[in-house]
Structures are given as C-alpha cells and as structure tokens.
C-alpha cells in the first residue's frame, strides 16, 4: 500500500525553502558549486592503497605488480582530486570570477605538487607507524599497527589533509580530516603542524586545534585536548583569524588521557603531562605536571 | 583447503539457541517483525539528498533538474518509510493484534505527516547551518559547514528523528539517531526538544537526554552531557517513564567542553557554563559558572 | 583537463620509500602477508546475520528458511576466516617457517573450534541483550536493543573477538574489535574477560584494557576507563607483557559516566562507582565511591 | 557544459503521450501492473544455481554446504516468483477483479507446485545434458556441456518456462524463454512439449512453435524451424487460438541445419531430415528426407 | 601460487604494439577520443525507463511519482549523451580541429533536438507495440509485447538510433543499434527509414540495410534480409557512399521467414513475399511472390 | 504473503537428484571441479581492456597512465586465469591424479605462455580491425569498428580462445568462444585456424568448425557455415576425433551470406562463393560459384 502523498506539494515546499535560502545567501546554484564528500572519501581510499599497497591495497595484490597498481590507482585519485580542486578554487574565488582556464591551471598545479609530495608523506607515515609500534607494549608487529590502530588511520588522513591545507585547499582538507574524525573520534584540524613519529593511543575524544605545533616523537592518549584559551580579538572587536592560539609541544612530550592544554603555551622537550590535568601555562623541558590523584596512573595499554 | 566443519551441527546449535530465546520471549518469528537498520540508513541518505540536493545530492546534479531529483528520491524514501513504519507499528501493537488494513492506514497517515513536515525541517536546518557558520571562526563559507561539520550532520538526523518520534515511531527514530551517533560520537535522544540555530562544535562525546528542552541559538562543545540526576520512581518503586528529568536550556546558552549538567534544572537565557563544570542546580539568566581553573579556557576553534 | 603529472616519477618515489621500509624491516613482500580488514569486516557482518538471522539478517528472511540462510552464510564466513587465519598464523610464525600443510591444518583447527563456539556465543549475547533491556528504562522492547544500542554492537564484536584471541589469533581479534571501536567509540581489548549480562550505556569513550576481568551483570556508562596504572617492568627494565594490570570488577558492579579505574584493583560485588571518580584502589563488596559533587547524578537515560 | 534542455517541457510531452496511450487502452496505472523482466532474470539465475549448485552456483561453494546454499537460494527465488505471479494473475484477471486474498492464495499455490516440480526438472535436464554429451563428438566431459552449450542453456530455460506455462503463468514463461532466446538465438515457445534427452547443436536460429510435440532423444541443428503452415481460422474468420498447428516429432528424430518443418505433420520415430529441407507433410518412422544436394552433409561438429 | 609472469615485459610488448598502430594511423591518444559503449548502454536503459516508466522503469514505481522519475532519469541520460556527443563530434572533426566551445555548443544543440523528439518517438513506438499485438495471435495483452518481444526491443533501439543518425551522430547510433543486434539477433542499420506500426516476429537473423525505406504497418519474420545487390561504384572505381541501394517496402507489405530482397527494388503496397524467396526485382502493389514449395507455409506463431 | 513451501522437502528432492547423477557419473564433488563461466567472462573483459586500453578500457583513461592500467589489469586477469587453468587441468587429469604442485606448475607455465602471446594477439587483431574497416564501405573510421562490429568482437574472443586451445585448455577456450557466440550469434570453434585480416560482416548465424583452416584477408557474411560433411569413423565404427573434416579457405576468399561449405574441401585463393550456395567440393583459385538466382546479389552493406 502506498502512503498516497501529495508529492508535488512537498516538492514545491522544499523548492520554496531552497529559494529562500539561495536568495538570502546570493546563490544561483546552476550546477554543483561545492566538492563532494563521497568523491573525496573514495579518493582517500585510493591514496591509502597507493601509499601502502601490500597492507591497505586489494587483498590479492602481489609485489611484482605493485607499481602497476600504484600508478593506476594514483592516476584515478589525482583525476578525482583535480575535479574537486577546481570546485573548491572556483567556489573560493567566486567573487573574483577567475576565468576557467586559469582555474584549471591553478588546480593542475596544486594536484602536481600534492602528488609529488606523496613519497615524502609515506616516509613520514612510516615514522608514525614505528612510533605506534614502540609506544604500545601490546603491539605484536610493526605491520599490524597499520591495519588496526585508529591513531595511525587518523595520521594518514592528517598528513594528506595538512598538505591539501598548505596548498590552498582548506575545504578538501577539512573533509579529509572529518572522515577520520568520524571513524576514529580523533579530531585533528588540518592546519596543525605535527612532526615525525607522532602517536595517539586509543584516540577517541582527542581534539587538536588549527595552530597547534607538535614536535617529533610526541605521544598523546585518548580525550586529550590541545585547544585555544580564547579567540584573539582585533581592535574593532572582530575575531582575529589565523592568530597562533593553540599549544606548542616540543619533541618527546607525552600527554596522558583526558588532559586539556589550552592557549599558546609551550610544553618543553620531554615534558610529561598527567591524566586529566587542566593546563593553561608553559611547562619547562623535562617538566612533569599531574594532579595529586593521577600521579600513578598513566595509561591503559 | 576447507576448514572441514560439521556445519550442520553448528546450524542446529544456533537453531536451538534461537528456539530457547523465542520460547523465553514468546516470539514465533514467522517473518521479519522489526525494522531494518540498513533500509533506514538508505532512507536517511535519500532524505539528506532531497533536503539539500545541490550539496548532499549526487555530484552531477544541475539546478534545472533539481525538482525531478527531489521528487523521485522522496518517493523512494517515503515508500521505504511506509514499509518500516508498518513493521514498527505492527511490532508495537502485536498484543493488540491490529488488523492489517488499519495498520497500513495508520502507517500511511504517519508517512504523510512526516513528508509534509520536510520543508519546515529544511528551514530549521538552515538555521542550524547558519549557527555553525557564525559560531566557528574557522568556517570559511556558509556552504561548507553542511559538508563537513559533524554537529550539522547530527542535527539533520535529530530533526528527522524527532519528527518520527513525535509521530509515534520511537524505534525508527532511535535507529536514525544511532546512525548519527555512530558517525559523529554525538548521542542525542530523539525525544529531545531543540530550538532553532543549534550548534555543537567538535561534538564527540556529547550526550543529550530524552526530556531535555533546548531554546534557540544554543551552543555546545564536545563531551557535554545533558543528563538525568536520578530516575523518577513511582510510589510502588517502579521507574516512572516519560517524566521530565533532563535540563532545560533557555535561549542563547553556551556550554563549554566537558561540562555535565544533570537533572531538571534550568539554565537561564544567555548563561555560560565553563569547561568541565559539574552542575546540578539552576543558573539564572545571564549567569556564568566555571571552575576556578577553567575561567579562561573556553574552546578549541 | 588532466593535471599532467609525471606519474612515473611519483610511482618510483613511492617504490623507493617502500624499499627503504622493507629493507629496514627485513620484509620481502612477495605476496600479501597480513590479513585484510575489508575481508574481516565482511565476515563479521555475515556472522552477525548468522547469529541473529531475523533481526540482523536480510530484511526479507522468513523463519522457515532461516537455517538455510544461517548455514550458507556461516559457510562463507568460515571460509573467509580460514583464509585470514592462515595469513595471521603464517605472519606470526614467519621466523619459524612453518610448512604450509601444517599451517593450513592449524588454521582449520582454529576455525572449527571457533565455529563450534558460536551457539554458546549467541547464548551469551542474549544475556547482554537482556541486560541492556533491563538496564535502560527508555527501552521499549527486548528486540529493539539489538537493532540500535551501540553497547550491544560492541559486545557482539567483543565476544567474537575474544574467542579469536583465545584461539591464538590476536591480530584478527584486534581488527574485529577496532571495527566496533570505530562505529561505537567503545574500545574493548579482545583479551578482556567479560561475564554474562554486560551492559554499556551510551558508550562513547569507554576503554577496557587487555587483562580486565568483569563479572556477571556489570553495567558501565560512557567515558568509563578500566586502565593500567603503570606497565609492569621486568628486572632488566623491559616491559613485562601479559601481566595482570587492569581492574577486576565482581558481579553486579555499576560504574557511572566518566569514572576512571586504574590498576589491578578489585571492585567488590555490587559496588557502585560514581560519575567522574578517579580510582586506584580496591572497593569492598557493596561499597560506594563518589565525588561529593556527584553523589546525586548517575546517568542520562 | 550542460545541454540546457527545457526538461519540464519534454517531461510534459512524454506525460501526454502516456496519457493518450492509457486512455486508448483503458489503463489507469496507479502502480506496477506487469511483471518485471529484471526480477525474473535474477530469479532464473538463482534457480540455475539451485538446480546445479557445483557447476552453475557460486565459484567457492563446497559440497558440505550445498544444501544450505540450495535452500537459501530457492527461498529467495520462490519469494520473487510469488511477487511476480501475483502481478501476472492480477493483470490477467483485471476484468474479473479477483479479491486480493484470493489472488495471493492462487499465486502461493502455483509457486508451491512449481517448487515441488524442481527435482523432476533437474532429472529431465540431466537427460538433456547426457544427450548433448553423446550427440557431440567434440565434447570432452559430461560436465562441460552444462557450462558452455547454448542448447543446454535453452533447455534449462525451457523446462522452467514450460512448467510456468502449464501452471497458468504464460507471461512469466514467455519472459523466461525470451531471456534464453536473447542469449542463444534459440526461440522455443514455452508451450512446446519436449521429451527427455533433447539436444540442439549450435542452436542459433532455431524456432520451435507453441503446439509442437517432441519425443525422446530428438536432435536438432542450428536454424531448424518447427512452425505453423497457416493459422487455423474459425468459421467466422477469426484466428482460432490454441489449435494444434506445429509438427509432431516422434522419438529419435534428427533434423539437420536449416531445415523447415511446417504444420501439424508427424515425423515418425527415428526419421532423419536433411539440411535445408522444406517439409510440409508426414514422414514415416525410419524415413529419411533430403535435398539431393544435401545428401552427404549433416553437421558441423 | 602465482604464475610468476614477467609482467613488465608483456606490458612493454603491448605498449609497442599500440605505438605501431598509432604511428600507422596518426593517433596520439592523449585522452579518450571515442565514445564509450558502456556509457551508451546505460543511457539507453535510462531512456527505455523514461519512455515506458511503468513497464520498463523500476519495479516499485507508482504513477504519482512517474514524472519525477522520468525527469530525473532523462536528465542523467541527456548529460551522458552530451558527453558522448562531444566525443563523437570531436573525433569526426579532428582534422578540422573545431574549437572546444563550438564543439560543446554543437553537441548541446544536438542533445536538445534529440530530447525534444522523445515524445514523438514514444508515440511511434506505441504504434509498433500495437502492430506486434495485432500481428501475433499468441499475444495475450498489449502490455506484454513490450516486456518480451525482441522485435519491439529492436524497434526501441532503432527509433532512438535513427534519430541520433539523423542528427549527425552515426557512431553513437551504430552503438545503440549493435546493442539491440547483440540481444535480439536483429540487425537494423540506423539509417533505415521505417514507418509506423512496424513488426518483426521472432527476429533472429533479420538484416535491414542503411538506405532501406519501409512504409507503414509492414511485417517481417525471422531471417529476412533487405540488402544491397551490389555497391554502387563511382567513375573512378571507388565505392559511392550513401547511394540508395536497399529495397523500398510500401505500406502493409508482409515478408515471411528467410526471404532475401536485394537492391533498390520496390515491393508495392500490400504485397506478400513468401518464405525463403530470393528477390531482386520489383513486385507490384497487392502482388504475391513465393517459391512453389513455400506456397502454403507462412509462419510459426 | 509467503508461498509457504515445504522448502526442506524440495531441498531433499534436489539433493537426491544430484546424488543419483553423481553416482551415475562417479563424481564426489567435494569442491568445485570445473571452471566458472562468470570468472572467465570477467577475465576476458579485463583482457579486452588491456589489449585496447583507450578504446575498450575505462572511459576516463589517459595515455600517460595507460601502462599502469594495462599492467594492473593484466595482473588480475592472469591471476584469474591461473585459478581457472588449475581447475581445468585438474578436471581433465582427474583420473591421472596429478599431484597438486605439478598441477600448479603446469598451470603457471600455460599462463606464462598465454601472457607472452598477448602482444602478438593484439597485432593480429589490428589486422582484423583494418580488414573490417576496408571491407565495409559504411565504416567511417578505423577506430569505430572496434567499438561496434560484432565480427571484430568475435575475433577478439577467437584469438584469445584459440591460444588457450593450443595451450591445452580446450574447456576455457570453449567458454570464451561461447560468450562471443551468445553476444554476436557467431559460433567459431576455438580450434579453427584463422589468418590475418579476417572479417565477418553482420555475423549472426556464422558457424566455423574445429578443423577449418582460413588464410589471410578472408571475408564472410552472415549465416555462412563452414561445416563437416560427415564424421570420420574409425575401423571399429567409433567416431575418429580430431580428424580434419572442415573446409580450407585460401587467402582472399569471399563467401556471401547464407552459403554452406561442408567437408575437407579447399576453396582456392581469391575464390568467391555466392549467397546461399551449398558447396561440398573444391573450388579452384580465382573461381566463382553461385546459384543462378544469386549472381547479382552480394551483400547488405
């Protein structure tokens, strides 16, 4: 039995709602103006296969056809990226009304730079994999952390997203980051600068802000926040965008579960921040901060 | 090499386990009695496309065929909803043994009302999108928040789920809500009443209870809980269902990350609750509550 | 317009990065050495259908063909498991260079034992479903908790993962657990021992460590951690693996949201731990621990 | 670049064309009135797997799970058949306006009879397979003819279609037959009666009419027609439907490529009809008919 | 076990073969130059649904959402056609090196004209459906011939292909025609001109040439050829393309199975050509041609 | 409404039918013994893409990633072939009970040889494409014949099938050939030897036997049969397999539509056989055979 709707009336109602929105926001919407999360999700899956073919690629892959798989998959991924980059650049510059050929050329240049960066991204990710293996006594093999550690998955997405962000595609970068956020509960802003050998254990609830700067071999546990104390304000009271407002973590810092670090503070090299600590000031190199109650508890592994 | 199982014995073992369960719960299970999460998940995807065709619909959609897409997609979604509604109503009324034609008619009526509410839901969601854009200094365009903010995704699900809940389909509503919970870590009970322009930043770990009432332009950060202090109990000691037991947030309230508000308390218009605060009493309009340590830290953006 | 990449150069760059990694880790990677998360994800979906055919199986299933569906689906799932088990056993024993027939036989034996355990796993899960139904006053029917409670989903994965772990397949077990972690935010190590009738409400942020031991009818809320205080260290300073280091929860314990219990402590039968409590010592049977501020707030339902 | 159509005008034009058709043919078309060829095609694929599980079923099937596969697949196929049978019976009886429950019951009875006939159909098909193997000197194994002989494929479809036809579902039968016609170029009317051990070699261009009667162990080559001479006419000049008007072939008849046999003639037991012969009269048992030129050429194998 | 190929050598060998071909044919093949049969096949399926929504559209379609389905489906089909038309026009004009905007505009114009013709094509096809119903005494309902008559399927493809051919897209037209040829064994050149109410019974083996002209209400049986006697030759001995060289069939002609009509002959109104006749001269209106042997046998129905 | 079958009884009935068959044919059927037509169909699609990447490969392929696509696709195709070859070799040698490693090695050798032959097969096919282009005055470009000529499709399948046949995989070869037969109505036995530049126009109904030998630049039209006159018989009356029994066509022979050539006759270089001719004797080089009636009619193009 059909519900017997007045479908046409509902379609008209939705049409009117869209019209009101578009009028209010000066949109004409002749065609798609915005990137497609589905397309980007597929592209990231392809990139993961191209970066780690024998572990994240198709089950039946063999090493003597690895390069063919990598080349073919990269080609598809970069073609998709080109299309999405054109959409983002066009949308960002819709007031400047950049002519189409210029838009295409700019997108092509960005895609080229991104593609050239992939070998280096792979090498960086290898350091993250090593860090996960060394940091978790429960890990049995350096290979397996790539297959099942959410912190490693989040870093694959972050290192790709961070490059897109640096190349002037912050929306694509954000979509890449949010896919990881959805799957892992780890929310790293694509703007965050993160050094080699970074490891997040368990991960759910971690939040890292846009201007955070993280050194080498840093380790975080679940529910750690690296946030802003307050938003910097311009003289006229408007929010000052892009100002450094999140913490700096020097090399070898460890921050245990539930700790919150806010503002442009610096946690010195090798410092250890205990579980659930709430911190809004600098900590010297080698320092250690903890709540009395947490002095003995550091992890779950 | 096959594992060489005694498959028949295992099938019999599982059959016996099912039989015991069904005997204990007075089920006969001739056919499917319960809605299908997969069907509902697909229906929600269709509804998202029908509500926001140029942003969440298929990548190649153009504006002059928008209404055709919307109508065709809605039709499929409402047909699916009709089938699932019959299952839920039949299951809920299985003791009353409602005759089939009555069941079908009741389901059709519910689907009609739900469909008619969609334009209004779209308009409400537009206010949430605007709230996200205004609330996050990092947002670059009003369009992009729809594509990648988990808080906006959670609200699309919630406003659909809340309507289903109000129309007497609490199980379908719950399934819709849990899909968002799984993807965003934001757990809003479909019964919660939420006003226009609601925004949840970051989102992971937010929990909002069934009888919570939230005004307009309210803003929450990650890990905020709006919970019950205790379950109201009837005179005979059994749990009293449906009693108001979660907080009321008046217009323009802001609650920072990690705060916990429990019980039927009222947070007055414009009040601000600091990070990690634990609160079980009313706060007057314009009031501000914080832990000493958190007075300066409010967010991550 | 194509981005016009020097694809061959990028493929060579990625090849070089892989070579360096493989040299450093003594891999030769002729063929796939590691299980495939996609294959395991599909296998778990099949097992869920085989365990609960009328609720998690295909929408159109009817009871007189249930056994056919169960047998056919189990067969496919066990064939997949056999293939993945060979990969894990081969990878784990790659230094011992176990001959192939022995590997296959060992995998077949493990698969047989796993398959034989399924009816018992179903019965255990039925107790978890009952616990969820009894523990949540908002639940309307014993059936619906199976469809939409993340805590129940996490337990389906855990009871399957725990069996794989016990049979010597810790990597497969971990992958199964991480799938649940990704969907629910609940992170249960496959090694954790959990009794009948276990219930996790809301769930996001729960972490349960490898050597935790949980009795019957235990109930946890979101953001509860059952972790290790510190890693036991051998005389020579290396980490001592496999030592008991996580809490023991006796029967009927309840732990409210946000509480953290660390170390090999014992929470006695029927004890209640309040929200956000930080606990590193034993609690006697029937005991109750809370922070002053949390004495009255226990949940969200 | 979009073609910039006036899509709405074209949709209106098509709507008008449909309206005119429906008015002319007294249709109201509220919902689907006719069976779906796609659904039937899928059903036939399932039946082929259920009839020959180890040869036409899924590649990875093993014999100890054969029955589970067969039962599960049959169940899906019969459910689909039930739905299609209701559509055909409803369409056929749309003037009688049969009440729905009666329609459903009639369809269910037909499906039951069809399902019960399947083992006998399998045994009949085994005789066709044997005939193909014996009739073609190029065949290497009795198994392979099932995999690649178009004549065998046509007979699988025919024996299923003939049963549907006999049970009062001539439209479903016709659709099943046309699928085989499309794939093999062999056009057997579902009404044709065909005995055990029937074999068509090569097959393209074979046409067998509705009232043809074929004995046991008959063999045809490509482009053979068993047709009607003329349509029988009633006294009033209208076509007399259902009258016997196609040939009778007794046991062990052989007809070579390109021969045409027209009318209700009888080809006696063991008779041989040569290539390209045009025949409109009876042939006695053991007889042989050929064109002079064709006396020596009998086949291609 | 892997076959252990020298894959790189084979890829090089294939590369060399392609290079030789491209050198010989002056191709550079930077990107796809030719339409994609898969894309066109999908487009035709969409058009069939849009032309006959309740019979060839999706099974669950209902009449009050028909227009939405039709509009949405047409939109997708015309977008695909636009892309393929650009490829064909670009390939055809690759020596003229038409500038891209002109190419796009030309393609858009063609697509518009094609789309506008669809209502008329639907009306023409309705006459073919009627002809099939009237011409086959075995047909039970006017609806069913659309579902299962190969002659009707061939005409749907032909009327679409003929329009594409007339609009200057002969390659797309040919691909559309070949899809029908593959499924039905009926080979109609897209250039053939065919009047209303055309019917081909059984169909396998029918061939109709490019310059054939067929009047209204004409009926053909299987294996009929309407061919060319010889190719017209120019004075210099080269083939003269596009010259009329196939038969003209006036209204109401009937041609029985296996007949061959060659050359630019005219078969007059109402003439009947018997089975297997070989004909290379005109036949007057009302005339009848048969081989002695075929005088009594006319069909199979 | 479910049809309410006694499914178990039907499954038992089908089981009994299978048992009887297996007993009669001495099968035990523990696992799949025979190749899978679906797997082979997919493999051929991959090979077609690898042989002609820019025309039969994926629509979006670009020339600078062609080799990656070719290598990756070949790898998948050859892996599939390896699996199917093992099945055929095992089935063929099931009485010899070849040990598994030997079987695998033999299959690997065959696959290697097949893969190495692919560049040569591509070059041969290029000559067939050229022949089609030159032979059909209606062809507009050398590229398009590859996209839509059934005769070219049949030759792609034949040249692959013929190689498999020569390498000792006649069953796989037959399956490859039958796929083309189904799609084109052209039935070429994989054993037939065919020279460069072969062209079949229209094609439906062409049959070419196993021991036919065809020279270079030969052209056939639809419904041509190259068959056997009779099966050679051994002294003991059994059929003599593998004896030459089909025609030899020397270079540059043309055979028009409907002609039948039977037996081990030789048609000399450049001879022309007219339409519908029935021929069982040799024709000298340059000769011409026609039926009086067919002297002027040669084709359809």
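Chains: A, B, C, D, E and F, in written order; residue numbering restarts at 1 for each.
Note that in this section contacts are C-beta pairs under 8 Å (C-beta built on N, C-alpha and C of every residue); 3 or more make two chains touch, one makes a residue touch a chain.
Because the structure is predicted, anything quoted here is derived from the model rather than measured.
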item	value
Copy pair subunit A, subunit F: interface residue numbering same or different (half cut)	same
Centroid comparison with subunit D (C-alpha atoms), farthest chain	A
When subunit D is superposed on subunit E by its C-alpha atoms, the rotation angle in degrees, nearest 5	120
Most remote chain, CA-based centroid, reference being subunit C	E
Averaged-CA centre spacing for the pair subunit F and subunit E, given as whole angstrom	26
Separation of mean Cα positions, subunit F and subunit B [Å, integer]	58
Chain centre separation (subunit C, subunit D; CA means) in Å	53
Residues of subunit D whose C-beta touches two or more other chains	2, 4-5, 7, 11, 31, 60, 62, 64-65, 67-68, 70-71, 74-75, 79, 185, 204-205, 223
Complex contacts: residues of subunit E adjacent to subunit F	1-5, 7-11, 13-18, 20-21, 25, 28-39, 91-92, 170-171, 174-175, 177-178, 181-182, 185, 187, 189, 204-205, 207, 209-210, 223, 225-231, 239, 241, 246, 260, 262-263, 278, 280
For the subunit D and subunit C complex, residues of the former touching the latter	60, 62, 65, 67-76, 79
Residues of subunit F that touch subunit C when the two form their complex	2, 4-5, 7, 11, 62, 64-65, 68
Complex contact set, residues of subunit C against subunit B	50-51, 53-55, 59-64, 66-67, 70-71, 74-75, 78-79, 81-82, 104, 107-108, 111-112, 115-116, 118-119, 122-123, 126, 137-138, 140-144, 147-150, 183-185, 202, 204-205, 222-223, 257-258, 275-276, 293-294, 296-301
